[in-house]
Amino acid sequence: MLEKALQGEPRYWGWLVLLLVGIGAGFGAYSVQYQQGLSITGMSRDVSWGFYIANFTFLVGVAASAVMLVLPYYLHHYKTFGRITILGEFLAIAAVTMCILFIIADLGKPQRVNNVLLHPTPNSVLFWDMIVLNVYLILNLVIGWTILGAERKELPPPKWVKPLIYLSIPWAVSIHTVTAFLYAGLPGRGFWLTAILAPRFLASAFAAGPAVLILLAMLVRKLTKFDAGKEAIQTLAKIVTYGIILHIFFFFLEVFTVAYSQIPSHLTHLKYLYFGYHGHGGLVPFMWTALFCGFTAITLLVVPQWRKNEGLLGIAAVLTFICTWIDKGMGMISGGFVPNPLHEVTEYAPTGLEMLVTLGVYCVGALVLTVLYKVAITVKEYEELGGAAPAPH
Amino acid sequence: MMAFNRRDFLKIAGLSAAVGLGGQTAWELLLPGHLDAAEMPAASGLTAKRWGMALDVKKFTPAVRQACIGVCNQSHNVPKIDSKQGLKWIWEAGYEAAFPDLEAEYVEDEIKEMPFLVMCNHCDNPPCVRVCPTKATFKRGDGIVMMDMHRCIGCRFCMAACPYGSRSFNFHDPRKFLPDPAPNKDYPTRTKGVVEKCTFCTERLAVGKLPYCVEASQGAMLFGDMSDAGSAPRKALRTRYSIRRNAALGTNPQVYYLI
Amino acid sequence: MQIKDRPIIIAGILIFLAIFTFPLWSAMGKTAPEPKVELPKDVKECVAPKDYMRTSHMQLLNEWRDSVVRDGNRVFVAFNGKQHNMSLTSECLRCHTDKAKFCDQCHNYTGVNPFCWDCHTYPKESK
Amino acid sequence: MSFIFSIIAVTALVGVALAGVALDLRYFMAVVLPYAALATFVLGVAYRVLKWSSAPVPFRIPTTCGQAKGLDWVKTNKIDNPCSTGAVLARMFLEIFLFRSLFRNTRMEYREGGKVRYGSSKWLWLFGLLFHWSFLIVVLRHMRFFFEPVPGLIQAIEHADTFFEMGLPLPGPNGLEVSLPLLAQSGVILLAAATFLFLRRVVVPQVRYISLASDWFPLLLIILIAKTGIIMRYVLKVDVVAVKKLTMSLATFHPALPAEPISFMFYVHIVLVCTLLIYFPFSKLMHLGGVWLSPTRNLVNNSREVRHVNPWNPEVHFHTYSEYEDDFREQMIEAGIPVEKEA
Amino acid sequence: MATQTPKPQEILTTLGHQPPSENWMDTKPEFRPGMYCHPVKIASLEGMGGKYAREWAPAEPDWKLPADWKGIVKEGLKDRLNRFRSFQVFMDICVRCGACADKCHFFIGTGDPKNMPVLRAELIRSVYRGEFKTAGKILGKLAGGRKLTEEVIKEWFYYFFQCTECRRCSVFCPYGIDTAEITIIAREIINLLGLQIDWIGTPVNACYHIGNHLGLKPHTFKENIEYLLSDVEENVGITIEPTFNRKGAEILFVTPSGDVFADPGIFTCMGYLILFEHLGLDYTWSTYASEGGNFGFFTNNETMKRLNYKMYAESKRLGVKWILGGECGHMWRVVHQYMDTMNGPADHLEVPKNPLTGTVFANARSTKMVHVTEFTADCIKHNKLKLDPSRNDHYTVTWHDSCNTSRGMGFLEEPRFVLNSVCNNFVEMPDTTIREQTFCCGSGSGLNAGENMEQRMRGGLPRANAVRYVHEKHGVNLLGNICAIDRASLKPLMDYWVPEVAVAGLSELVANALIMEGENARSTNLRGEEINDLREEAGLPPIDFPDPDEEGGGEEGDE
């Protein structure tokens, strides 16, 4: 089926070339990093994880969100999602691919990455994260590809995928839970040391992922003959509504616990993020922007007339994306490291090269997504429309 | 001992006899089997059940502190990088930074003003070891939390886990910041991309010597087996009040500060 | 019968021949210099028999590396009962004093690039 | 039967090599045989291709796998239906280096109710590609044994191929230690891909049915070559310097066995490699040369535009119009069809 | 004979693709009625100067081979190895990867492992090894070699007349090994022994002596066309008077003779006539070169050349400027890949130029022969045709790419462009069954005889299966194509597997949609079927056509 990705209009090829340019730039920046070490990043002794891990964390959420399509469709036989489940699964593949690339980009010694397998260490959450992410990638690849292949042949999918699909549902939850455990189990990092971190991650994931899917579905409808359908998009919108509300709600649970208890090692991080701490407040405007976007999105989404207006829905989806991306992509990691356990403040901002590497990884993800969507949509288009070229008139 | 033993030799000898190989050929094949070698710790090495340290804070003068830091950096080829990407094995920290959980508005002036020498606490329950995905950092039988630089993949999970900021990452190639040749040619430098930290000078203990800093501290640092009630640190701790850094986290640090 | 593409095919065959015999004719007439390994003058025996060291020294060093760092072993009791300090820089280089005249000779000859020296230091090289 | 025969044949080869070591035929195995093998290989391949080239291509018969060049406004598939020499080169490149045709592969499924379905099936393409490319890289890496100093390109390939560190000594078979700090990925991929191709032949009934000894034998031979190579690199170490002294003596035509002993495994390896080289020109492995000469792939599809000449265009009898008119003149006139000669 | 053909369900339930346990060299073909063609008639073989003409029957044990048959075959093989590089290379380089195995329609339809292209080639390759190669001579079966025996010849006859030279396997082969090429040569070799099938031998003889495969003599040929024209007059209201053997015409038109003879080809032929009339083309038919097809292609390349000769010869005699060719598959493979080489250069002709649009067909610069579909496409592109595609609204059309024009030419977009211009409902079959991956009708390369009906229905199974898929999914009821053999063979194939689907040539659909000056109400199509009946069947509302008895026809019916 991959050959479908090799046929396309100039617009399609142009987009691929653009992505390849981005990938090239990212690769170039990474070569510099490979030569110079992570010194080219904005990371430091005190903020030892930065943009790469932040984006990794965000994308794990996007990947996990595929379950929001898989679960209603396969567990509750919600037929409306039948047409777009594959879009969710393929988005997950692209997202996990980016996750893995971000981890590799973040390693000081990528050439030793085999060591994680050669010296398996069950007491390390990172070891489990490696396992859940790779298995999730394989699960989605196998399930998505097999079901699409069966659809293309108009045959029922083979029986063995059923158990894999059921497995993929808790597995999606597991990837984000285990990723939250990377942070939530560390002594001395008060910002992360909270049981609600995993639920928070999941809530923001179920807001961000479906929001991305809504935007992708709208884009696909615009660019191709494949229409996800109004109902499917509206159901996604409802999921986003609940997701973003829960995201904000969980955030306030955290705020209450920290602010009411007034324990400094927990409180100072929030202070730093939202008001600045010891004169450092680089993230303050972003964090308020995120909150503003979150509230605006909620407003747009809870009012049914507004939600049903696809223009406003699109805006709400974008706002949701911005809100959750700032939350995880900027606040979550830096917020945990600043201030450090010694209550010293070292601020973090990504460097240009770091952002270029990040761009490259996003371009790889977009390339994977484009190729997979191209395949899926070509198959769907044929299935629904017969695939004949349009009349020349 | 995994590589060299006689049983393997015999197994291979039998195998090669079976395929009709003799003489020279068998010799070539079986060379590893002929290495009837053994590995062991040096007899002169210092041993303990759990190494630990007590710092008599008031004995430190600025010169002593600098001597301790200096000898450590020099002997371990720790490069001096003046940026937030620098490396620290042992360094000075103020009271509030060293003991943030013991925050008190009013404490003894001398304590409040004094810089403390801080380093890896060689915790009995080290979070850094718990999180390492490759066992590159591990706890030895004698309690020392050790780094295997050959195995570290540079994920920096340990840095996030350490509540003391004791770990440093080689953002740069350290040799760029060291004289050539390195100050101590008998001690390796590191490469860019691995994490490092204080090792309680395992290389010194192995040959019967105390850690460099202890030697340079002119008695201000007491080093010994914490499981031995007669050891120097234990004796001091019995008679003196001591504090530990962030002990509430349950890491059970093995570096005590005598107040 | 005139076959039009024959010259192209013959050219192709010649290219094929040229590529596959390249090692032969590029070295034609020359004799390749063999590595000149400078052996210690006063010491006759290494930590393991010579033939073993020739084939498997990297394995021994790997073993040493893990044994020292992870198990705290420092002493190697060799096949001949002699004890050695398990250290590349302070033991191996004690006899093989010049990396360039010992290690590099064969490593360069066989195109091997071990990364020992990324961290471990060595006395001044003779260039 | 052909399968068992092939297993016996490769096993016998190993036996021969071991016997050679035992009987001290090292000079023969490490000097005479390699020269003979290389000569057989290069001359054999050249001869076979030359022989093919002596047969003409009477007609221009490319398999067209896409839209031909036609009306200006019709989009041409220049590569799958090449309209110029450049396009043919592109097609050949994709075919030879990326296995374009195998990329199209599908798998037929026959389901109840007479449903015939075609699914995507790229495994053969993927593993075929991995097999050939890793084989090429392995061969290029071995060039370090034939040049002194080792050329930068070869070193660069080696460097890239051993990017990943192996990181630890693994306990190997028989308690032998398996270790080398640097893992050469191409060797492992080669073995894995060859094993896949082998298992595919065993497992897929249709492929098993068509397999001959000449299919099993080279595959087993290559698997064994890869295995002996991997064993020498990671398990039973070989004195690489001695090996290079030997290979350089061959390359410089001053053949001599080195003074240092070389493990028997090396002799097994080299006997197997030489067998492969000798076997090559007489076997299906000649697809290496044939793929360049396949007339369905290497011709431009422009026979309506440019006349293709058949050097043996046969002289034949034609039934001419005048003969035809002679046969039917009356009826033609009657039917009002113009004729050349009125009755 | 058709009575012997098993029911579709019988074929479907017994079909399997697992190879037997015994070695393929130990199995023999079973000459079961319905699965092979009759031997050539003595007169037909001798008419072309063929040797060893005799009475024989494939099912009989004794095939009465000539005394030195072994020498003839070996010599024939050797000769062709020297003359065809393709043959030599294809004999040597197959690695038996099996990529081709399930690509052959005969393998899919019969499950017979020797219908896997790789094994079909091995049938001859094994003899090549066993008789010409040292290893094969010594090791025999172990080296994949075997000796030439009568059984081998029978096997060749059975399997090389169970290959339609469709080249589908070649598309998937990593070395482009083309079983069609191997079959062509194998057939040449078995022909040397007088072994030929009648469905090929007799048309060849007729074509050579009379002018076309069907043996239509000049006056009959003309009468046939005139008969079609009377139908056109009735259904379209247009009178057409074409010319025959006219000197000085600008264009010579050549089409397969099937088009003037049998349903549904005749409707395609009407289509040409209407189209040319509408355009006012200065063209002529020829009764001498009255055959576009070339069954010589299915015998040997010398015969192919002898039959093909007439096109250029006649164009020269009549002094035309260029040749226009009708819709046909193998005719176009011969025209495209062989004609110029065999009988060219055609210097007496000019580079074809569409007199209406001025388009110069540069792609036919040397052959000087243009496909009617590219010609039509050019006319449509330049708005020279007034078309009403809604006239074909009762059809949901799918497109069958003919093997020869697809894989031996690359003629894929032109017919689709035309089709999209003349009908509104066009649905593609699955992409693994169209374009370069198209499936054969199962009856190509001279195998569309009557006695081998089971073989044909089995071979056509994959094509029919794809049609059934779009029929069931999208309600397809018409299978379009540009091949005379397709028109002749897809009809029984559809009747057998998907009876709801009719078959039509492209030009028929063009003529149906063509708005002509002076035409009638067009309430019937070229087949004389009432449009409103067809629309009712397709679930469409009827059109209010003016009463045909009243005057003032020729206006278009509006909804």
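We just call them A, B, C, D and E in the order they show up, numbering each chain from 1.
By our rule, contacts are C-beta pairs under 8 Å (C-beta built on N, C-alpha and C of every residue); 3 or more make two chains touch, one makes a residue touch a chain.
If you're wondering where the values come from, they're calculated on a predicted model, not measured in any experiment.
Show me the overlap between the contact partners of chain A and those of chain E.
Chains in contact with chain A as well as chain E: D.
Can you identify the chain nearest the overall CA centroid, using each chain's own CA centroid?
D
By raw count of C-beta pairs in contact, what's the busiest chain pair here?
Counting C-beta pairs in contact per chain pair, the top pair is D-E.
Name the chain whose C-alpha centroid is farthest from the C-alpha centroid of chain E.
Here the answer is chain B, farthest from chain E.
Taking each chain's centre as its mean C-alpha position, how far apart are chain A and chain B in Å?
A distance of 39 Å separates the two centres.
Just how far, in Å, is the C-alpha centre of chain C from the one of chain A?
47
Round to the nearest whole Å and give the separation of the Cα centres of chain C and chain E.
From the centre of chain C to the centre of chain E is 67 Å.
Provide the C-alpha centroid distance between chain A and chain D, rounded to the nearest whole angstrom.
A distance of 43 Å separates the two centres.
Hey, what residues on chain E touch two or more of the other chains?
Correct list: 417, 430.
I need the residues of chain B touching at least two other chains; which ones are they?
2-3, 27-28, 32, 150-151, 191
Give the residues of chain C touching no fewer than two other chains, as numbers and ranges.
In chain C, 51, 55-56, 59, 63, 66, 115 touch at least two other chains.
Provide the residue numbers of chain A that touch chain E in the complex, in ascending order.
The contact residues of chain A facing chain E are 152, 154, 382, 386-393.
Can you list the chain E residues touching chain D in their complex?
Those in contact with chain D are residues 8, 11-12, 15-19, 23-24, 49, 81-90, 92-99, 101-103, 108, 113, 116, 118-119, 122, 135, 139, 142-144, 167, 170-178, 181, 208-211, 217-219, 222-223, 244-247, 287-288, 301-302, 305-306, 309-310, 313-314, 317, 335-338, 340-342, 344-345, 359, 361-367, 369, 374, 377-378, 381, 406-414, 417, 430, 432-433, 435-437, 461-462, 465.
Of all residues in chain C, which touch chain B in the complex?
Interface residues on the chain C side: 47-49, 51-52, 55-56, 59-60, 63-67, 69-79, 85-87, 89-90, 115, 118-124.
Taking the complex as given, what residues does chain D use to touch chain E?
Chain D residues touching chain E: 1-2, 5, 48, 51-61, 63-71, 73-75, 77, 80-81, 95, 99, 101-102, 104-108, 110, 113-116, 118, 124, 128, 204-215, 282, 284, 286-287, 289-291, 293-297, 301-310, 312-314, 316-321, 324-325, 327-328, 331-332, 334-339.
In their shared complex, at which residues does chain B touch chain A?
83-88, 93, 96-98, 100-101, 103, 127, 130-136, 151-157, 159-165, 168-173, 191-195, 246, 249-251
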